[in-house]
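In the part that follows, the structures are each spelled out as structure tokens.
Both of the next two complexes hold chain A, though its partner changes from chain B to chain C.
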Partner chain A sequence: MSIPNWKPLFLLAVVIAVGCAIPFMVRAYTIEIFILFMINLILVCSYRIPATTGDWSLSHVVLMGVGAYTTALLSKWFDLTIFLTVPLSAVVAGIVGFIMVTPLIRTRGFGFFIASFALGELIRLIWIKFRYPFGGPRGMIGIPNGELGSIDFFEPMPYYYFVMAVALICLIIMYRIDQSRIGKTFTALYTDEGLAESVGIDVPRYRALAFGLGAFFAGIAGALLAHRLGAVDPKNFDVTTMVYLIIWIVVGGTTTFWGPIMGLILMTFIFEWSRPLLEWRPLLFGGTLIFFLVFLPGGLDDLFFKIRNKIMARKSGAGVSDVAS
Partner chain B sequence: MGHRLVDLALLIQTIANSIVAGSIYAVIAVGLAMAFGVMKMANFAHGEFFMAGAYVVYVFYALLGWPFPIAVLMAVPIVGAMGIITERLIFRPTRSNVLAGFMATAGLAFILQVLVGQAWGVGLMRSVPTPYMGAADILGAKIGWQRVLVVPVAIVMLSCLWYFLFKVKYGKALRACAQDPDTARLQGIGINKMTMLAMGISGASAGLAGALMAPIHPVTPYMGHGVILTAFIVVVMGGMESIAGAVLAAVLLGFIHTFVTTLSDAVTAQMVGVACMAIILIVRPEGLLGRVKA
Partner chain C sequence: MSLLEIKDLVKRFGGLAAVNGVNLSISDSEIRGVIGPNGAGKTTLFNLISGALSVTSGTITFNGQVVSGKRPSHIALAGLVRTFQRNAMFPTYSVLENVVLARHSQVKNNVFQTIFGRNQEEEEHRERAKEIIHFMELSDHQDELAENLSHGHQRILGIANALAVEPKLIMLDEPVAGLNPTETKMVTDHFRRLRDEWKITVVLVEHDMRTVMETCEYISVINFGKLLMEGNPEEVANDKRVIEAYLGSDDYDL
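Moving on, here comes the complex of A and B:
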């Protein structure tokens, strides 16, 4: 018996329709915000992959930076098209992620968190240290925006559609991973590492796989960012940026695939609304982070889950009392 | 410059600079290690506490014209109180999760940077005049008195801390709590009181370090950034919870940083430091002097 799974397909169609319509309804500046939003969307979802195994890292934006730098080098030196730089950057970021995680596997929890910070910072310092080929502390400029035939991706509209297509593909793949046996294994080894090991799951291998996959998609986000900004700067991938990423994740929660997305949407709105309060913005975000960690440690994700459970309980509770009376 | 290290004066200069750097790292890192030892409080805002200490000196000494030693002493209770408030509002509710407390204090770091920036300006560094002019001449090496001062203050502070931890009842209770919170509780030691005490001392030591460095370190709202990285390298090398390990690692890193900076450049010194931290975490997670957990 198989019920056709029309619900997600319908949802996907609505998202695509709305996504296609957006550029016609807003100003060019707002399109830029949407482009950044979709790049960040890939980034938050990619962060969730290792986070489901319990490996919260502090090097994810550096891995995004690896993608961005790879794109910068490939397109400036080898004149590769954007359709090659994006996948190649993802592969390079994935490989760097794998190399990084090999020693990191030996650590867990807080140790993993700061050890990943140390290794990430090491990569970032290499970019700053070597003026050639990484451009030193000022980074690299003059990265081409890419083009498709005669369509120039410098224009926001075509690039918007390009990023939307890439983001959709990435999100669908990441969703499928999350729902697959591999995704379930990731969650299982976080829930009970000992039990997972005893049923024959190769825990270190799966943790490395999760980290590598996360790095791969972070590399895509970095490549898209580098093409849009036309420049890479080591300061863009420092720990402050990383804390912003953590804020999106913490606000959203990581229990389900939709958690980080909700967090990113909410914080993007707050980010744009707080534009007049520019200098106070870090305070607002820092306060939000503390609020969520202290009062809502599971994030929005968990909040919705609890609310739904309450409603369900009330419904069933009402049913029981009806029967009793 | 590197070839001239054979030059005796430069060698002595570098060694002296290393000792000064090591002393200041020790004062900063001891507080961080202490807070982590008691109930695993990992404070990301430790660098911002250092910054707060420097601003206390800026306000009392540079703006209000109080004597420098009094301004430094003011930083100790003020930043210590900040530590206690942080324990009460952030670490206590997130006690079950080390990472949550660590990330929440990253939020606190943002908040402190904004508040200080809004109160005293973001742009140029605040200038704090050097109270002790001139330089000590040691075998041809010249070190400003302000830097020399750091070393005895660090020694006095660490001795006081040692005396407190090993000879005073509260200090012993603190160590008991760090070793085994549950057993400590059975002995009638209030865990909440101890965590507050640890964060108070931790904040006070960061404040003291910042206050001492105010005249020789550029005072900006973001000065904590570089400090926190160094402090974590030291604490990780020393074994996270071990105070003696933190002191040893601080001196070691002081020498490594200063020598690599003299021979090469500051970025390379940072890279070496970060690489040391990564290697220790991966190869010997319990640190140089850390105990292996049962």
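Moving on, here comes the complex of A and C:
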């Protein structure tokens, strides 16, 4: 234990190096895809936090929208810099998440799923209904892209590095949460709620905490998206977007931190490669979802586990299994 | 002074009073057995005390604090902890991780310290968890996954998880249900040590008469949601009303 844990540090260094090199190797258009990918990365990892407690919500992209709208309002009205709008949006989304989850905590499983959809739609309808200040059905435009000194974040390359830095910080924090006692408590209360209560874990409080944390990071994703697009549109945060998020999660699995990330990577590839087959895309995604639900209900995450266990068994267990049989 | 005081406890399910005015007083460092035939209201009583069910009327006072109407987690924090009839554990975690996780109530760090801080406190929890595991004689299985343990060991882990809360009183809900004689002995051996070595009050709610007679010093018998009698094992075993309750009276007329 006295040796510093160099393996994750090494991995992190490789990720940063590759991340820094990417913009120099691809076209400007591809950089945009990578920016969107990293925003989605924050989103998909933030969704896993409440999912580990067993709370699958249908309002997560709405919370992302709360972040986006907050950014739009803050930067248009108060002229705040991007370095303030992003954290403030996260805080606002986190607070809205806490308020939303207060009634939701009384429901579980499917009830939670549907109730969260209703509450999410409530927020979305408020944006559509109130032309002032939310811009009504058309949303808001003219959100500044942000700048750092003389560097304009309208250019893809600087914004790419900005998003990469934010995404890295968010992912490291979320990873720490997952590895900490709190992350383990989330999984524990899902596996056995009765036992969790009996050892003093206040289950509703921890479920609320998980939802709030998820909302906080979703808010960051929303803020980054709003600054990139320069506009927010209530349609961006409807149930269709939510379904994409759920597909990433189902394909990836939620057992480990890496599951949703793998799911997002695979589905981003499928999404980009299927551009020529635009009208077939929903069919393709639906098919992938059904394939995973039927054949790999644990997601890619689970597949990796199974393969690793097989290899381990073959390596160490050849002699043992002979004896056993 | 009594540690756990139950006054006029009533629980109704619709028209049925499962627990109907029970008074019970358990003092510090006691090993108390609560027995009764099937359907007597033992489990309901148990769930009322632990907070899993809400009381219809009456009060439960633990350590000078009214705990009736509180969440199970709050009652656990007060130092009254329960175990389960089933093998209750976090199956995908190792034995050590189980007990470390169960030390939740002893964590002093707040959310931010837990996420960003150094893990000094976690180390202390691990040390204490190892002590508990050693006490429950599970040290050989410390790093095994809980789901891979034998039936008896899983039951013992359930008790170790309860001990992680550092309770003043531990309530065991039919701890030997579904265990074979060897496993039963393995589990029951620990009950007296809990009291003798760690000064923990033990309440044993049990169906198996033999276990209760062998371990408990004082027994409360419950029948039809009411306290039938109290006494030491011999008194209980020879009491006519208890024998009647368990075996039925022989002067039945059809």
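Just so we're on the same page, the second predicted complex is superposed on the first by the 318 of 325 C-alpha atoms of A that agree within 3 Å, B and C clash if a C-alpha of one lies under 4 Å from a C-alpha of the other, contacts with A are read in each partner's own complex, and residues count from 1 in each chain.
By definition in this document, contacts are C-beta pairs under 8 Å (C-beta built on N, C-alpha and C of every residue); 3 or more make two chains touch, one makes a residue touch a chain.
What you are looking at is a predicted structure, and each value in this text was computed from that prediction instead of being measured.
Superposition of the two structures on chain A leaves chain B and chain C fitting side by side, clash-free. In the superposition on chain A, A:184 makes contact with chain C only, while chain B stays out of contact range. Look at A:126: by the touch rule set out above, it reaches chain B but stays clear of chain C. Contact with chain B, but none with chain C, is seen for A:103 once the two complexes are overlaid on the shared chain. More chain A residues lie in contact with B than with the other chain of the pair chain B and chain C. With both structures placed on the common chain, the touch criterion links A:176 to chain C but leaves chain B unconnected. Residue contacts after overlaying the shared chain place A:203 against chain C, while chain B stays out of touching range. After overlaying the two complexes on the shared chain, residue contacts for A:243 are found with chain B alone; chain C is out of touch.
Taking every C-alpha atom of chain B against every C-alpha atom of chain C, the smallest gap after superposition is 10 Å. Residues of chain C that touch chain A in their complex: 50-52, 71-74, 76-77, 81-84, 88-93, 97, 101-105, 107, 111, 114-116, 122, 161-162, 164-165.
Of all residues in chain A, those touching chain B in their complex are 56, 103-104, 106-107, 109-111, 113-115, 117-119, 121-122, 125-126, 128-129, 239, 243, 246-247, 250, 279-280, 282-283, 285-290, 293-294, 297. Taken together, the chain A residues at the contact with chain C in this complex read 173, 176-177, 180-182, 184-185, 187-188, 191-192, 194-203, 209. Across the complex, chain B meets chain A through its residues 40, 42, 89-90, 93-94, 97-104, 106-111, 113-115, 117-118, 122, 225, 229, 232-233, 236, 267-268, 270-271, 274-275, 277-278, 281-282, 285.
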